[in-house]
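I have placed the structure first, in the form of structure tokens, so that the comments after it can refer back to it.
First chain written, first letter: the chains are A, B, C, D and E, and each begins at residue 1.
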Amino acid sequence: MARFLKDRIERNGQSPGSLIFIGKQKMERPAMHLIQYNEDGLREKELLSIDEIDLTAGTDLVSWININGIHDMGVMKQIGDKFGLPPLLLKDILNTDQRPKYEDGENFDAFILKMLTYDKAIKRVTADQFTLILGPHFVITFQEQSGEVFKSVRDRIRNAKQRNRLNDSDYLAYTLLDTVVENYMVIIETLGVQIEELEEKLFSHPNRPLIEEIYTLKIEISYLRKAVRPVKELMWHLLKWENSLIQDKYRHFIKDLDDLLLEATDAIELYSGMLTDHLNIYSTNINNRNNEVMRFLTIFASIFIPLTFIAGIYGMNFEHFPELQYRYSYLIFWIVVIGIVFVLMIYFRRKKWL
Amino acid sequence: MARFLKDRIERNGQSPGSLIFIGKQKMERPAMHLIQYNEDGLREKELLSIDEIDLTAGTDLVSWININGIHDMGVMKQIGDKFGLPPLLLKDILNTDQRPKYEDGENFDAFILKMLTYDKAIKRVTADQFTLILGPHFVITFQEQSGEVFKSVRDRIRNAKQRNRLNDSDYLAYTLLDTVVENYMVIIETLGVQIEELEEKLFSHPNRPLIEEIYTLKIEISYLRKAVRPVKELMWHLLKWENSLIQDKYRHFIKDLDDLLLEATDAIELYSGMLTDHLNIYSTNINNRNNEVMRFLTIFASIFIPLTFIAGIYGMNFEHFPELQYRYSYLIFWIVVIGIVFVLMIYFRRKKWL
Amino acid sequence: MARFLKDRIERNGQSPGSLIFIGKQKMERPAMHLIQYNEDGLREKELLSIDEIDLTAGTDLVSWININGIHDMGVMKQIGDKFGLPPLLLKDILNTDQRPKYEDGENFDAFILKMLTYDKAIKRVTADQFTLILGPHFVITFQEQSGEVFKSVRDRIRNAKQRNRLNDSDYLAYTLLDTVVENYMVIIETLGVQIEELEEKLFSHPNRPLIEEIYTLKIEISYLRKAVRPVKELMWHLLKWENSLIQDKYRHFIKDLDDLLLEATDAIELYSGMLTDHLNIYSTNINNRNNEVMRFLTIFASIFIPLTFIAGIYGMNFEHFPELQYRYSYLIFWIVVIGIVFVLMIYFRRKKWL
Amino acid sequence: MARFLKDRIERNGQSPGSLIFIGKQKMERPAMHLIQYNEDGLREKELLSIDEIDLTAGTDLVSWININGIHDMGVMKQIGDKFGLPPLLLKDILNTDQRPKYEDGENFDAFILKMLTYDKAIKRVTADQFTLILGPHFVITFQEQSGEVFKSVRDRIRNAKQRNRLNDSDYLAYTLLDTVVENYMVIIETLGVQIEELEEKLFSHPNRPLIEEIYTLKIEISYLRKAVRPVKELMWHLLKWENSLIQDKYRHFIKDLDDLLLEATDAIELYSGMLTDHLNIYSTNINNRNNEVMRFLTIFASIFIPLTFIAGIYGMNFEHFPELQYRYSYLIFWIVVIGIVFVLMIYFRRKKWL
Amino acid sequence: MARFLKDRIERNGQSPGSLIFIGKQKMERPAMHLIQYNEDGLREKELLSIDEIDLTAGTDLVSWININGIHDMGVMKQIGDKFGLPPLLLKDILNTDQRPKYEDGENFDAFILKMLTYDKAIKRVTADQFTLILGPHFVITFQEQSGEVFKSVRDRIRNAKQRNRLNDSDYLAYTLLDTVVENYMVIIETLGVQIEELEEKLFSHPNRPLIEEIYTLKIEISYLRKAVRPVKELMWHLLKWENSLIQDKYRHFIKDLDDLLLEATDAIELYSGMLTDHLNIYSTNINNRNNEVMRFLTIFASIFIPLTFIAGIYGMNFEHFPELQYRYSYLIFWIVVIGIVFVLMIYFRRKKWL
């Protein structure tokens, strides 16, 4: 199955505005979780229906609705209606193949990006779609499946001492984005360690599985690049944009995120270049080994081939064969053999083949 | 025959403004189809002459004229006169080799792009010229041959429930462009699946036909790039352009199309890079196999060459040959043979050739 | 002799403003041809001296002076004086190595570009310098030698029906430039057909002359690029320039020319990339063949080498050699031989060498 | 361990604003050193606590506080509080993996860059984080460990004659930055000498360790690029920035630094390209040697293989074997042998293999 | 010794403003030469001290001071003081490793560039630093050593007829810069001829020294690029700059110089690409030859190996060996031998190895 592009063939021919889920359903039914908090307290709740949310409760209250599982058209439509999300945005959220992007709505900011996880067993990066809608006093996040990534953020909200720092919904949005992006760095580093470790093996054991390893890492780096590079663009647009809901006092946090992404893309290019170098080195090492093997064969064969010929001569059964009767023939034979070996050895040494 | 550029040699020397069809005639005679509709109803008709169209019928009526087959100079001239299309634009429509472009006329927008189809039998992408003229209350589309691509659009127009959404000619134009561009993604994905599947074969069976497959895919990707990249530019110009006939309320649809094209060009570059990697891997694997084969030959030959020499020595017919009479000569011969094999085995193992 | 740069060594050390012809003289003496026409009639004349031209004849008269051969310093100086061309411009016209450029003078526009011809016999593109000076009511063109390129333009001027379309000198200039640029496309296509045809040979007969063919085409493509790319820049400058003598009503013709050049440069890059791919494929195919040949040798040699050794053993002349007397020795010998062949065949088949 | 990216895994999940040291602790406890001077005199002091500094002493006094060792969270926090450094800046200072950057604070300029050292023994460049905070009348520098780099600057401050030139804190900052950047050039040059020296070895002894050397230098150049290129960006931003604390009269010094960095990045790209060339040359030389070795083997084997066959024929023991009895058989045998050698020699010479 | 970067190690640690000569002293003591001229006359003089120059002589007098040898700190300081050159500029003049640049001072324009010479004996380009200071009514030029480059300029000044054209100091400056840049073209062409000539050898004699030649040319082209590319930037800055001392009437001369440099950089990239192609072709040709050699060996060995084995069989000494006694054995042996050769020949021809 295609990993870099999801199956679009079925979609083709549909009305461009209609909602379709593009991707693989990763959990049975969507789960909705609500956290509401202000300086004084916190309320947490598993939602059965989106209607349970009351956004008019108070302007100092920050609401974070997290939805795990985006394949249920009905639920998605309800959410869209409730928060006034335009159909084209919903379409993008449902398309797990969507390129990361930033959308500036009338009363919301939408961020679509990829949440990456690295499966150490199969040495593969997998990307889930992650959407964050920042509205006044609320944040909605959409994930393809439930995961542990935001556990630390939840803990910090629950922890009273740190609570005040998350009082604004835009700060919460920043925190969530930062968590996702920091995770990119962790994955890049995980791959980076493997890439840097390849170096040693490259010279000591340039064997066949190594090339598969190099290639697999190259594919993973491409996969990472596809997920991370558009996020860099996204941040850049956000920084230049005037009407974002993110307050000016949080701008330098976004700048910080932008720096982090710059480092991430730098690192991706660096490692990508190193892998290309690895491939070249590997290939040259194989050539080197070919040369060594061939030199050995050449020296070995070149020494014995003439000797075998000489032995062959005196194995002939001609009746008139003067040397056969001569007393010292066998002695002379050995002298000639040793002489030939000697001369060839000097020749090969001169050629620097020995 | 050249596939990437069509035959221009005959045209050369003609007056730059004169109309000439450049390309291969793909159907016998042009077929013209008219759909006219508004909120209340729909009229469909096969046209025999362009004069049957009455554009003054009512300003709320949207007319879509589709022309299949563009090689008939007479018909094209009639259409040009009727809708006031400038000669240079007609020239571009007739040149099936025309680079995709957007032309902003006084009272029309013209989009020239490629309609791509993938023939699974011969594994080839073919490109037909597709031109869309958007005027006030009408859309004209030119195709090189008849096809099923716009069937879904026609069905939606015919379907009463969805009809109202297509009431403006610019929305219709967007829908048609979207259909063409969505189709690009489907073809890219079709090639993408093949490219990603190559990966496994690459390591298990790096045989000769594989390189032809890689190369063929590379050519198809180049062909795609040639068709798709200028469309990305086209959208970009359209988005920056003030005077387009596309109303502001449909601007975000164009933005969406632009995003899709960005993803398409990203994917094309990604797959192009993967094919280059495939070629390198393939080439390195061949080198690897050379090394293996050569190592086998070297080991095999190096062991037997000296042994054959020794056997040759004792096949000589010298009369004075002391070892021949010695009782244990044959035994010693075998001991020496086994000793040599043993020493060489250790040597090869040290060199990591075994 | 250098083909990509002309001989400059002699020029070095001269006063920067002085006029020198750089290049190879391609005809004996310059030939001057004048066409003057307006809506009513046409006058044609071979000029012996530049003074025969009377520019004051009438403002509705368009004069086209074509000069073939630019190596005569005296003639060039006369022309420069007559039409008020600045010395630096004359210097550029005389330097056949001049990079294509657009020069906006006080009362003229100058276009220096290359006229390309493809010699099918030697499979080489050759470039002649072509200069066009557009003044009010006159056009002067300089060519290195006489040729048939503008014959069609002349015929159209002479043809009464089309005459009125060429009434302005700027339209005449556009027509001439268009003829030159259309010719680029024809040459690119000629090379393109050869490049696309290489593809098939590449897989069926990757022999030695093929690489020369690839390389020669690569050089020709480079040569084309050197001539065409600056012309693209030139058009771009012209389009952005306000003070050009080309009237606004002809602007879209220039835009059309610009599109054509964009397509030309696109095609050049495409073919250049295809040739690089061809080279890689060729090289990998050679590696493939090496592998095949080596595998054959290895299998063949590996089977017979041990057999020859065994035959060698029983050719030894030891007196005490038990097997020689044994009745079934020869039969056993053949069984062993067949057994060894069998075992090795299985081994090679397992290794996928057979 | 990863060298190009430091260990981030532990950090992940922390609050984005919290202070964490990322890197390897390189000394036991931080050491703080203060130099205060004006035109009249100089005071130097090892600080035990940051509170010993009195910034109100006099506006003509320049204070330089150097901190070696940045892993002590407590000390860093104290400094941050004392000089009003924002938490995000402190976070960046503590992250030794931070990409070089320029930060323009309300009343300070912060420069984060890398201090490079080249360890000749292990042929490795190592990068320490270097941060410089320029405030009104003070400069704070943070280093990961103590070193001799700024000894010359200190000596110049202590030296009365030169003192007046360092009277402004921005000039002091420039001097320190210049010292760091000059050091980049020294390291690039050190690597450059090695790269240029490789050239000769490449042709005389293309042996195996050489490829390791090329690769190691490639890695070091990548490492350098990663440290130096962002500093170029930094300077560029600084030059375009209006509100920097660096006075206009010192602007041309920054321009000079910018030029130096341009030269540094130019040199890095140049050497990087040379190493890629080296690798290609090395690889082609290996191919060349393969060709030589193979040619030798082919000539040698091709001459003796038929001769051995002929000798083998006359070693056969057929009873009815006419040639064996013929008197001149042995003589004819030698004539044939010499004839075959002769013919093959001519053949090989024609093929230019000899 | 490093050729691409000069020795900086000693400089490191010095005060950034202090004057140090970086480079290799190329002549014993500086030589100063003065030419002063106006419309009426000319005065020439070898200067012993810079104080001999009297700049107040008359505003219509143009003074050209040429200094050969820039290693004498004392002389340089005197000049700096006399003409009011800032220390940073002097530093740049003294640094022979300085990247070419344009410096716009208060009452002077400074141009630092490289003067290139090509030593045909060792096939090497060498670069000397060349600095030109353009002031009102004077031009100062600094060269590392004396040379013949400006002889033609001096002759033109001395020649009365051409004198008036050099009446302004900015025209003189342009003439000198033009001489230097024209010289670049000559050197590029010299290398270009060699590169184009390589082409033929590449196919006829792909031998070992050829690769050294390719590589050496690649290095020289890199060296040229390093010297020429920044001069292109320099011209570009100059053209955009308002406050230059170069009068508007000479602007088009600068434009001309800029065109020349554009052609120079174009040519450098073209030749650089051609050399990369050469390397690839060479490498593929070597592979081709390997294939040929190997094919020969394989065919030769494969034919004789089985024959030798058969001869070996009948050389065995088994007592019970039925074929040995058979009358036609020897005849049958030859029939079998010829049969095997025949079958193998057909096989090889089918495989297209023959």
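Going forward, a residue touches a chain if its C-beta (ideal position, glycine included) is under 8 Å from a C-beta of that chain, and two chains touch if they have at least 3 such contacts.
Predicted model only: the values in this text are computed from it and were never measured.
Path length between chain C and chain D in the touching-chain graph (shortest route): 2. Mean C-alpha position of chain B lies 26 Å from that of chain C. Chain A and chain E have Cα centroids separated by 42 Å.
Chain contacts: chain A has residues 283, 287, 290, 294, 297, 301, 305, 308, 312, 315-317, 321 touching two or more partner chains.
If you sketch which chains touch which, the chains form one closed loop in which each chain touches exactly two neighbours. The cyclic arrangement of chains, read from chain A in the direction of chain D, is A, D, E, C, B. The touching residues of chain C, counted against chain E in their complex, run 1-9, 11-17, 86, 88, 91, 97-99, 101, 205, 208, 211-212, 215, 218-219, 222, 226, 279, 282-283, 286-287, 289-290, 292-294, 296-297, 300-301, 304-305, 307-308, 311-312, 314-317, 321, 323-330, 333. By the touch criterion stated above, chain C contacts chain B in their complex at residues 151-152, 156, 162, 165, 174-175, 178-179, 182-183, 185-186, 188-190, 192-193, 196, 199, 202-203, 252-253, 256, 259, 262-263, 266-267, 270-271, 273-274, 277, 280-281, 283-285, 287-288, 290-291, 294-295, 297-298, 301-302, 305-306, 308-309, 312-313, 315-322, 351-353.
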